[in-house]
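Please go over the structures that come below.
In the two assemblies presented below, subunit A is common to both, partnered first by subunit B and then by subunit C.
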Partner chain A sequence: MATLELSVSEDVIVASVQRTRRLGPLFWTATGWMIFVFAVAILAPVLPLPSPTDMDMLERRAPVSALHWLGTDGLGRDELSRLVYGARISLTVGLFAPVIGITIGGALGLLAGYFRGRFETLVVGSMDTLLAFPPLILALAVTAYLGQSIFNLTCILGVLGIPAFMRVARASTLTLARREFVIAAQALGASHARILLRELLPNVALPLVAFFLLGVAVTIVVEGALSFLGLGVPPPISSWGSMIGEGRESLEIAPQLAFIPAIAMFLTVLSFNLVGDTLRALTDPRQGAL
Partner chain B sequence: MTGAPLLSVEDVAVDLPTPRGNLRAVDGVDLTVGAGRTLGIVGESGCGKTMLSRAILQLLPRKAKLSGRVRFDGQDLVRLAPEALRKLRARSLAVVFQDPMTSLNPVLTIGTQLIETLQEHLELDQAAAKRRSIELLAAVGIPAPEARLMQYPHQLSGGMRQRVAIAIALSCEPKLLIADEPTTALDVTIQAQILDLLAREQRRRHMAMIIITHDLGVVAGRTDEVAVMYAGRVVERAPTHALFKRMHMPYTEALLAAIPKIDAAPHTRLPAISGRPPDPTRPLKGCSFSPRCRYVARRCHAEKPLLAKAESSDHEFACFNPIHVEAGVSA
Partner chain C sequence: MFAFIARRLLYLLPVLIAVSLLTFLIASLLPGDLAYVILGDQATPEKVEALRQDMGLDQPVWWRYLGWLGHVLQGDFGRSFRTGQTVLQAVAERLPVSFELMLLAEIAALAIGIPLAIACAVKSGTAFDRFMTGSAFGMLSVPTFLSAILLIYLFAVQLHWLPATGYVPFSEDPIGNLRCFVLPALTLALGEWPVLMRVLRSDMIATLQEDFIAMARAKGLKPSRILLVHALKPSSLTLVTVTGINIGRLIGGTVIVEQIFALPGIGRLLVGAITTRDLIILQGVVLVVAFGYVLMNFIVDMLYAVLDPRIRHGHA
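Presenting the complex of A and B:
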């Protein structure tokens, strides 16, 4: 049978389709807020802010003024300064705890989904056990035993996040490992390590990274809840959660002390969720199309 | 041909445990492929073609049970240690799948996939591997190969993707290429191009090839030998020209009749094969094709026909009631 040879002029195909996806003003506002919060948190020591721990007993619960832009709290400490330094704690814990989760959970999920068998049963079983354990009791037990510190708090929240990341990684590995490109790689003699790292990991990374941003949002809220209950960072260090907790005592006289950190947390968590959702939606079509 | 064939499949059977009972996907298949030769495996969906190819590659699903022997290049693959098997695959086996959508990694560029495979197999440095990838892409007929290296699979058309999949398969200079329905997911015009490409590269590299298809038209003229499979068994096996000149098994005849003909009068009914293949979890006592066969006799229901030699020693078929018509089709 005679066939047509492909004779397309070479310059036609080279221009690859430009990615012109509209992200919308909401996405950019959220990204802008996130950048702002990060910048302020990182630059806190060089910003012209009063110390967040200096007390001024004569200026307790002072209203907004030129000296104290957001007023002072119940012990006369500058509210804006505490908010900015609190962002450092909330963001540190909020970012590093999911890093623990994505590393350990992602690795376990990838291995469990690829190798299956007894290893998978063991991993899934132990994760179910961890999920069944009440998280607050676990946090309480660990802080009581090891003491309250930012490091301990990050570790607890990180470990609590492992099962969720493991599930996301395992679920996408299970479907991907049966795809033909994996079998083709095996037929070409690729080793297990190569298949896991080069064929599967880049594919599993997409949903994991999108889930990571949602994990950050959840962790900030949980850290707030723990600090609110007095299980978070030890005083006098401020975090958004502990600020809300302290503001609760003067809710009738000075409601702004609880509401200002709550609004900061609300906006930040919302931004992480919005950006996470948009990124997931951006990476999904390619997966669906293939 | 002298010496042992490159690949010989001896009495291979594949059993898959299913909730409805044991499913015998491949049932006592014997095949040989010599170096540089092409074997076509033909049969309808679910007749065990793909399972047979996976059995040859030793890439069956985890729960599948394989029996028999697969000898490749003097080694029995079934009894080979995993690491030795991996090394053997890396040197001499490759596979091209039906759907180029799923046979390329969606998140890596064409270049990354090709270059890494080359580096792994031929131990080339980055620059040499890149040059070799461009040559390979050009060899499989991709225009502007240099620009293609930067693109992702979803930016290519189906035919292009299949060409890339073939380039990756050819990259390690395999001795045997298994093409599992390489053209089923493609346009008819692209089909012929891809098949010609495979045939050209096969001649150039002197590799053996197994083409798995449900289309006798694909096999005609492009293979040295054809094995027709039905319900997990080989029911007719012959050199391609001999098969198309004179087929004995009613199933082969029915398959050929089911190919639409360009010179048929408009609105002619296509003589499709009625019914379905038998339930593989409940094997029939007699010939598996007997419920759908036009020439069925009483004996066909009671006894399983075995592969027997026809007039020449390399033409075999399994039928009690063979047909002897000249098909009148030249291969």
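Presenting the complex of A and C:
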């Protein structure tokens, strides 16, 4: 369903066209934060952090101290360390799920937009069916059957992302396939595979990558929501979502336990949205789309 | 128009069939045999086998699907093996709560979004406009469950103005009922207003540059009258559609919000069915919600066609 694409041109041109192609300080701050979070998440085992699972029952909900930089949680576990290890989970799911989406969805969209015909009808039809389910509910239902694990969660969220990536890839392929350089390649006798990989793919890749970043933001949020409900990653592991969920229990006595991971998640999602949206606008040929 | 509706309805049929098939397959192909779930861990293989035969689980999948579909078409979605309640009863009991939540959320989102959009359109390009557009973008990055705990912390924990969780039926205590819905509806509205504001703002800026607005100004009409009477109506076509689409999107949001605020709606029924592994209820609820979602999208498509004749005639 929802076959009608709403081309919501977000902002009517306010700034002059010349000014629009420069990336502001906000863009670089967001990029910096993304790199920082990634670096910390990857380097977590090397960093001088206490174990995220060691409990210290005497130090429950301890305030900020030299030993525990962000205090401890309800079981006396180091909050900073849990935050860093939580980032690993949130980012793993947040990155790999859209990778599934961009690979399968991108390939389907490219093929559907290039070959058209029955194949396109079939692909678009089946994607519409997938879109007919409210995504969160489908994710909940499938995790309930498959069982909760990081791998399952990544796969489900990845599959749910396929239709959106398919649409983006198909839309750009449809316009590109009629351009002169593709016709020229066809006239030169290039094979379908060559046209798809050498002519179309590099051009379709740009909007797809921009969309990928937005996809990461959405996935981090959905994973967070599932884990927050206790239906995401299984208990001993903690992602930002499950930390916020646990922190909610002690909102009255120790609100920081919910708010620290919440801030981390918000900043990360905002950064991905900001960078993704800027790149999307840059790759959008419409004037003043930025 | 009728030909258009008929064509769209015809298109709806395969989607609905596919939705029902997918719902059924999720429930039957994935690991976790229903018979084991019902009998528990102590089940002997003989007992499981007997129950499987009794429930028809030994039949081929396509046969079971047709049988199930036949029951569904007669309005029999099955019965929970835990509570004995039929799926339809359970859904009918919970649906009004979810509807009330979605309705109040959408009203709140419009109440925040429309005035801000008008203000931004009037002052477009100023610091106020840039600040509000920026905030709207930032709000889009706040997940529902984050705004939920923020609101609970502010209004329930710190100020003690509103209950954090709980539910009172409207028939028993109308005021108390509405008080229960304030925070949940506001939570959903916080995620919705940026979308509505952005859409209306850009349409409104375009409308304000039209000749008839200049004409109205030249006639000396009051600015408030120009904005609310002359400019708002032609600018709100996209807003209407987006509002409709959002109601569909809200169905997912209500699951989280109902869970956080302990409202007995469809979402809680679903999460409850998942945690107790009540597969019949789960299957039924997913099917009902997906059907509702498809129908909602269909209505939005129709509404869009009513508003924009180009789509009706296939030119879009």
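By our rule, the second predicted complex is superposed on the first by the 258 of 290 C-alpha atoms of A that agree within 3 Å, B and C clash if a C-alpha of one lies under 4 Å from a C-alpha of the other, contacts with A are read in each partner's own complex, and residues count from 1 in each chain.
Here, contacts are C-beta pairs under 8 Å (C-beta built on N, C-alpha and C of every residue); 3 or more make two chains touch, one makes a residue touch a chain.
What you see is a predicted model, and the numbers here were worked out from it, not measured in a lab.
Contact with subunit B, but none with subunit C, is seen for A:Arg116 once the two complexes are overlaid on the shared chain. Once the two complexes are overlaid on the shared chain, A:Pro25 sits clear of subunit B and of subunit C alike.
With both complexes placed on chain A, subunit A has more residues touched by C than by the other of subunit B and subunit C.
In the superposition on chain A, A:Glu252 contacts subunit C only, with no contact to subunit B.
After overlaying the two complexes on the shared chain, residue contacts for A:Ala144 are found with subunit C alone; subunit B is out of touch. After overlaying the two complexes on the shared chain, residue contacts for A:Asp128 are found with subunit C alone; subunit B is out of touch.
In the superposed pair of complexes, A:Ala187 makes contact with subunit B only, with no contact to subunit C. Legend: residue contacts after superposition of the two complexes on their common chain; A:Leu136 is shown touching subunit C, with no touch to subunit B. By the touch criterion stated above, A:Pro202 is placed in contact with subunit B alone, subunit C being left untouched.
Shared interface residues of subunit A (contacting subunit B in one complex, subunit C in the other): 1, 3-4, 6, 8, 10-11, 14. Partner subunit A is touched in their complex by these residues of subunit C: 12, 14-15, 18-19, 22, 26-27, 30-32, 124-125, 129, 133, 137-138, 140-146, 149-150, 152-153, 157, 198-199, 202, 205-206, 238, 241-242, 245, 248-249, 251-253, 255-256, 259-260, 270-271, 274, 277, 282, 286, 289-290, 293-294, 297-298, 300-301, 304, 311, 316. Subunit A contributes residues 1-4, 6, 8-12, 14, 125-126, 128-129, 132-138, 140-142, 144-147, 217, 221, 224-225, 228-229, 231, 241, 244-245, 247-248, 251-252, 255, 258-259, 262, 265-266, 269-270, 273-274, 277 to its touches with subunit C in the complex. On subunit A, the positions that touch subunit B within their shared complex are 1, 3-8, 10-11, 13-14, 16-17, 116-117, 179-181, 183-184, 186-191, 194, 198-199, 202-203, 205-206, 286-287, 289-290. Against subunit A, in their complex, subunit B makes its touches with residues 57, 59, 62, 86-91, 93-97, 99, 101-108, 116-117, 120-121, 141-144, 147-148, 150-155, 165, 168-169, 172, 178, 189, 192-193, 196, 221.
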